[in-house]
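Next, two complexes with subunit A in common: one pairs it with subunit B, the other with subunit C.
Entry: the complex of A and B
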């Protein structure tokens, strides 16, 4: 079906339009600052409907990018902007939007300045969407770098970062990655005038140039994933963030790195790239184990969440690097549920923090005992997160791990071990929260989540369960 | 009937005509406000631009001045920027209740000289204009009513260095005349093409270029700019930072491409050295500055360095990329200076970084514009600055200058660090001050500038429409 409405451009532009409306929204004590949240939530919902429509239009079993749109951008040098989509990127966009929707609901009653939060969140969402739709190296780079500013502002204003220096370094470090990417983009552009990402993957290059270009591309993507030696600044910032919306945004950044590998990894690996990939796989597995072990020891739930997110991203990265034919679909379906679960868990954790603060207890043990609705949801999301058959994470992780084990047995076993450690960590924290023996009956009874929020959360539970039954359940006739 | 020769000088004549009118109004009209002189300056500037457009290719004195598409492009940009700056400056004079006559009169003189500089085809004219511009700048710096040492010393230093570089400029012209026998561009170009180049000739050309770079405030001749920007009144500081850059660029590009081209091999390393020095010094110094005007002056040095780094390729591609970068930089810088008009508390314009702590909470729109312009100056997409850095990087890769590209990108990170400090102060720190209401005119100017900065990136053709073809008429 032809793309008569330029649907892809519309999907990119909508969050930016929402951002302008959010900027103009009237917010005062009378409206309890809800106007601006409503604008944000409405924008995401409208975009989700459009994304749903695109799922219907495209051929979900066809390879390659579909619904391509081309715009002439610059005459000298001649640059064209191309947008296009496939099932994998569309799944990522849908998951990111759903994650943002859940996180926005979670911060709706936040006392912080909502206007700038929504403005920067929508700006980030627009850039993130653009990245997944970009089908040429220039637009890919533009969105790859454009998301840094809103993210920096979100963390700086709402991330509750104790050390501003780590935030500086986080931004500069990511900017450095983007700058290296920029150099690679310019060099690729000067080798061949064709700018489509698909052509870049099969670009013939001199050997010396290959070292530089693939090295630059790999380093820039790795700068987004918390892998040693790139992990410190990301972990310093990401594990300290308490606001669910900011946490979700920060932890979407590594997804851009993984996605970069998906789009740029050559179809036929040159010798140079094989050399880099071997090093990368070794470092990835060590980082994975290391982070999983720290999470087991560390008592801070935010760090455990950060470790969970990081280990999963590294697993996806390893899956991408194994370059098995169908693995991309498994990663896409698994990542879809993964992002929703992370976002939902963050919102639930926020409620637990608030209850812990209200009760004045130093540890959260037993806090879920008298809050059945919160307890049910939290337990569900933790169980889904560890990979039980409650979402598409179960089947697709299984297939992903099977691929990794057949690709490299030792590496696969290390990944499985890391996942087991992580599952133990998350289940342990759930056990402590539900431990009735630690519940202090003399304290004021904790307030459960509202029935409205519970109903909305059940919708998320439904989406996850349906994704377990059939990953593309929302596409009729798939 | 033959068209009178003087018509080619009509734009400059109209600018100068504003001076006696301002003088008459100043001394003979009883009711006069800051707006009176602004209106006069505006009217004569519009008339000058219109006449410039009508007679854009009329050349009455071809050995002295040349008018063509290239010169009118630069004059038009300078004229439009001046118009916006005059409007903003009016707000300052109204707020301070100061006499604006001297500022507008000196600005019109300065604009006349800059217009002539762009069209100049003879180094006698360039030398005379250069010396007069130094004098004009000095008089502008004296408009600050403060007489304390902090204000007085930079002014005196500027005078001393200007006298020195005026002498260098004159010396360069005299030496060149002794070797070539004429200071006409055409004659010098023909002489150099013969290849009769000696040390004295090279020294003369270096003296001329160094003096022009002093006026353009490129390192290592930049010190006066950052020195005076911190102490000059805001209208003067902004005028000196924004307006002359295009005229010096136009004049230098004309000289390099049409006169000194046979010396390309000798001049390229020299210009590269100055440009790299500007980039590195600007980026490093911006990180140690707490006065926001001086901070952006250092950042300006970094950006000007990048402009001239683009230019050193001395080919059509380098000229276009330098022009694009300069345009993008000046647009963002003018936005930054517009924001400075909004940083006001208890009637005073704020200049120190701690003074604007947490201003975003009180003035969200001004702060948002500030953020946009800063990010544009870093060259980060999706803002217009990206177009500049893309043009620059592509030009450097085409030239195979990978080391220069690495220097530029490391400096970019340093400048970004300086801006992050400003962003942190504006957005993440607590607000301790009560800021004054911002004039609606400033919001309008910011809005227009923001539209240009944002829309131009969506379709750069809007901004660069025909600029490429016009620029290449220089050859």
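Entry: the complex of A and C
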């Protein structure tokens, strides 16, 4: 064991420590359940500081994993737990933490049981962080599985799912993917006991075995991404969730699938595998179009958000499948802004939903007319979401699309078409919310967001704008 | 120089934008106009002295991806920026006195940001700076166009155009491996998408310019006030598209289809604009159709003689802007009356306005006849004749013919603000003075214009004023709705109902559910204590043993 409390292990452990503190937090009527939120927010902020520190330590232009930590777990059979980080995974961790931080501020005044919400959220965050830091197949698998339990609890308790049966299906579907992954892990371990992820990618295997193992690994990752026809379970769950923290958690799940492809995709694909990759690409593009078209006619904003998230994840997946180094770099930067935008938009839409309920109106149309602060923020995040030059999405999507278009024009154009449909959908929802003709002057005036929340949201706006100007702006000398 | 102007504009624009509403907006707008005028004086002094300075900031330096921010001062940039600067200066002056403007200060701030974004666009040396500045202009335009319906179309049309450009530039980057505009000349060597990329670019700029088939966005601006309408037409999106087209024109040269297509759209837009200007009753719609003609003319100029637009660009734009202003004067004078069918006989009260209008038309003729060359002569003459025919008809209906205005409008009819009108007249006179003149030719054309006004060859078009369908322009919306939007929505609904609901929910999931149910029932039955269960298990066990024995199983 090299060092029991190295930086990376601390980053993984901290959310779990926060979880214990959250369990112990004393909350009563006097504190209005704010203690547990403060614990959650404090944990995430402390971890963000540590992540920032890691950005300063590592060489952001060097390839490969850095700050590697090795822990010997078992001597016979020899199993070592290895942690390591590169710019891509560090960006993902930072983005997930920021997304959680934003979502936590969105549920601060939620009347639901805050203690269990925070406990499971921190547990999920810890597992996600572990997944991005895992550099060996065992710890990768453990974190890949571990996040399902808190997620299931979060959705079940706070998701407000209309059809509980879809939650069971969703869980079973993901569990099935995880079991298939487990079989693949055992088989890989039988071939070679060295379990570093970087070695697994280049593992020499028999041809038949190769197909089976890679097939199993890919199916398990695909089970996390809403690819047609398996999008149904995820859409049924994701579009039903109203709680922003749970929504963010649910919509981080596909990221684990995409990330799995980043870490596992073999350096040299077998010939037949290339054929399957082509089929996967075709299905991915069809799914994008399919979901974007449905989002256009679906009036539920949560479904639109789900569609937006799905289309972007699939675009990232297509980028990963192209296996260009620069693209991977760009996916990292793009995804950083993407997760922050999704989280911020979700918090804003939740705010609108609550205002609508308070006013007792059936639709929120015209609600932004009398709430200038909310209107500014919501408009900014929607415009950033559709890809205007307000965040790193713009520049990095440009490079990503350039690569997809030069790889296959037709496929690239369908991706662009899906993005246009989605952008139209999101802009349409913004339009309806700003439609002054629909605003009923007789109604009680909608309450705008508080100056404190507005100031915090401006900080998010600042982060996004800075990510557009220079993706790694927070690293000195970058 | 251009760099410092850019920085001042951004700083002043953002500062003014963040100011809370104040009581003395008119005075503050005057202050902004003075700042803009001072900046222009400084800018013009440098431009005339031929001052040049290179400002290149290395923005993004990835491994194979370099993007710079260029804000260099050179002849090309001065040539393109000057007309828009002039238009914004005039708009800022109008903004002080325009009576129907509710948010004067905010509009002034938007004008400064608009100019800054346009400078960024013109100075672009790479496609990304071009895209970013185009998007910035798009967002500013969204706030300038302050009518809700107009904004909706503006957003969707701009989105389509920007995504088209984004895709075209992404393909170009994929082919050439660079975003530099100077390297676009290598597009021919890439030998791929030689027609697709140019057509995509053209499609995008046509949408932004509001040419024929894409005029919906432009025509919705009839609901915004004249000052904003003229600003949006001649300093925002349509002009952006022309600048972009000029920047990437090298790509179009390799396409066999781009030239003819551009010419076709230019011709159709010009004629469509002409008939629209004659048949629309709304004075703002008339102005917009006239603008559509102008944009068609610009595109035609670009397609017939590449490069021509750059040499003659500076004065054309302010001249067309002034035409809008000449109609705006009437609109202000008639207490915001918009229907030309309720005007007529205004010459009795609006003598000064009519005089200014004549000066503006003279300046317009002077500038247009001045650019006539051997290659573009038919094109310019066609446009000039159509424009003068339309203008003659419109002015005749407003200033002459019988009085049709209602009592209130007629009673309140007055010449618009003397300062504002004098400024426009002075500017038109300055344009006449600055343009190398063939006064005989200009005089003859002007005489023809007066003759057109007297005989009004297209006066029968005013019968279309009664046609509700034509006036509302809804027919075009319906075409879009039925041919483009509805099929997409229907497809989405069909996919949702058939694939998600019918296929996955009702077929696959139901089948799986039933299959599981049957399997569970079957397994339960098998494990019951009945004689059939014993028999089945016994036979099954024996069968398994037999199979293993036959396949060499069971040990040695």
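By definition in this document, the second predicted complex is superposed on the first by the 472 of 478 C-alpha atoms of A that agree within 3 Å, B and C clash if a C-alpha of one lies under 4 Å from a C-alpha of the other, contacts with A are read in each partner's own complex, and residues count from 1 in each chain.
Note that in this section contacts are C-beta pairs under 8 Å (C-beta built on N, C-alpha and C of every residue); 3 or more make two chains touch, one makes a residue touch a chain.
Just so you know, these numbers come straight off a predicted model, no measurement behind them.
After superposition onto subunit A, the modelled positions of subunit B and subunit C are compatible, with room for both.
After superposing the two complexes on chain A, the angle subtended at the C-alpha centre of subunit A by the centres of subunit B and subunit C comes to 160 degrees, rounded to the nearest 10.
In the overlay built on the shared chain, the residue A:208 is in contact with neither subunit B nor subunit C. Shared-chain residue A:452: touches no atom of subunit B or subunit C.
By the document's definition of touching, of the two partners only subunit C reaches A:389; subunit B does not.
Judged by the touch definition given at the top, the superposed model places A:168 against subunit B, while subunit C stays out of reach. Set side by side, subunit B and subunit C differ in how many residues of subunit A they touch, and the one touching more is C. Legend: residue contacts after superposition of the two complexes on their common chain; A:176 is shown touching subunit B, with no touch to subunit C.
In the overlay built on the shared chain, the residue A:148 is in contact with subunit B alone; subunit C does not reach it. Once chain A of one complex is fitted onto chain A of the other, the partner contacts of A:232 are limited to subunit C, with no touch recorded for subunit B.
Of the two partner chains, subunit B is the only one that A:186 touches; subunit C does not reach it. Here's the short version: in the overlay, subunit B gets within 5 Å of subunit C at its closest Cα pair.
The residues of subunit A shared by its contacts with subunit B and with subunit C come to none at all.
Residues of subunit C touching subunit A in their complex: 59-60, 62-65, 67, 128, 131-132, 135-136, 139, 148, 151-152, 155-156, 159-160, 163, 166-167, 169-171, 173-175, 193, 196, 488-489, 491-493, 495-496, 499-500, 503-505, 508-509. On subunit B, the positions that touch subunit A within their shared complex are 320, 360-361, 364, 368, 371, 375, 380-382, 386-387, 389-390, 393-394, 397-398, 405, 409, 412-413, 416-417, 420, 423-424, 427-428, 459-461, 464, 468. On subunit A, the positions that touch subunit B within their shared complex are 23, 73-77, 113, 115-116, 127, 141-143, 145-146, 148-149, 152-153, 156-157, 164, 168, 171-172, 175-176, 178-179, 182-183, 186-187, 189-190.
For subunit A in complex with subunit C, the touching residues are 169, 229, 232, 235, 290, 293-298, 325-326, 329, 383, 386-389, 394-395, 398-399, 401-403, 405-406, 409, 412-413, 416, 419-421, 423-424, 427, 431, 434-437, 469-470.
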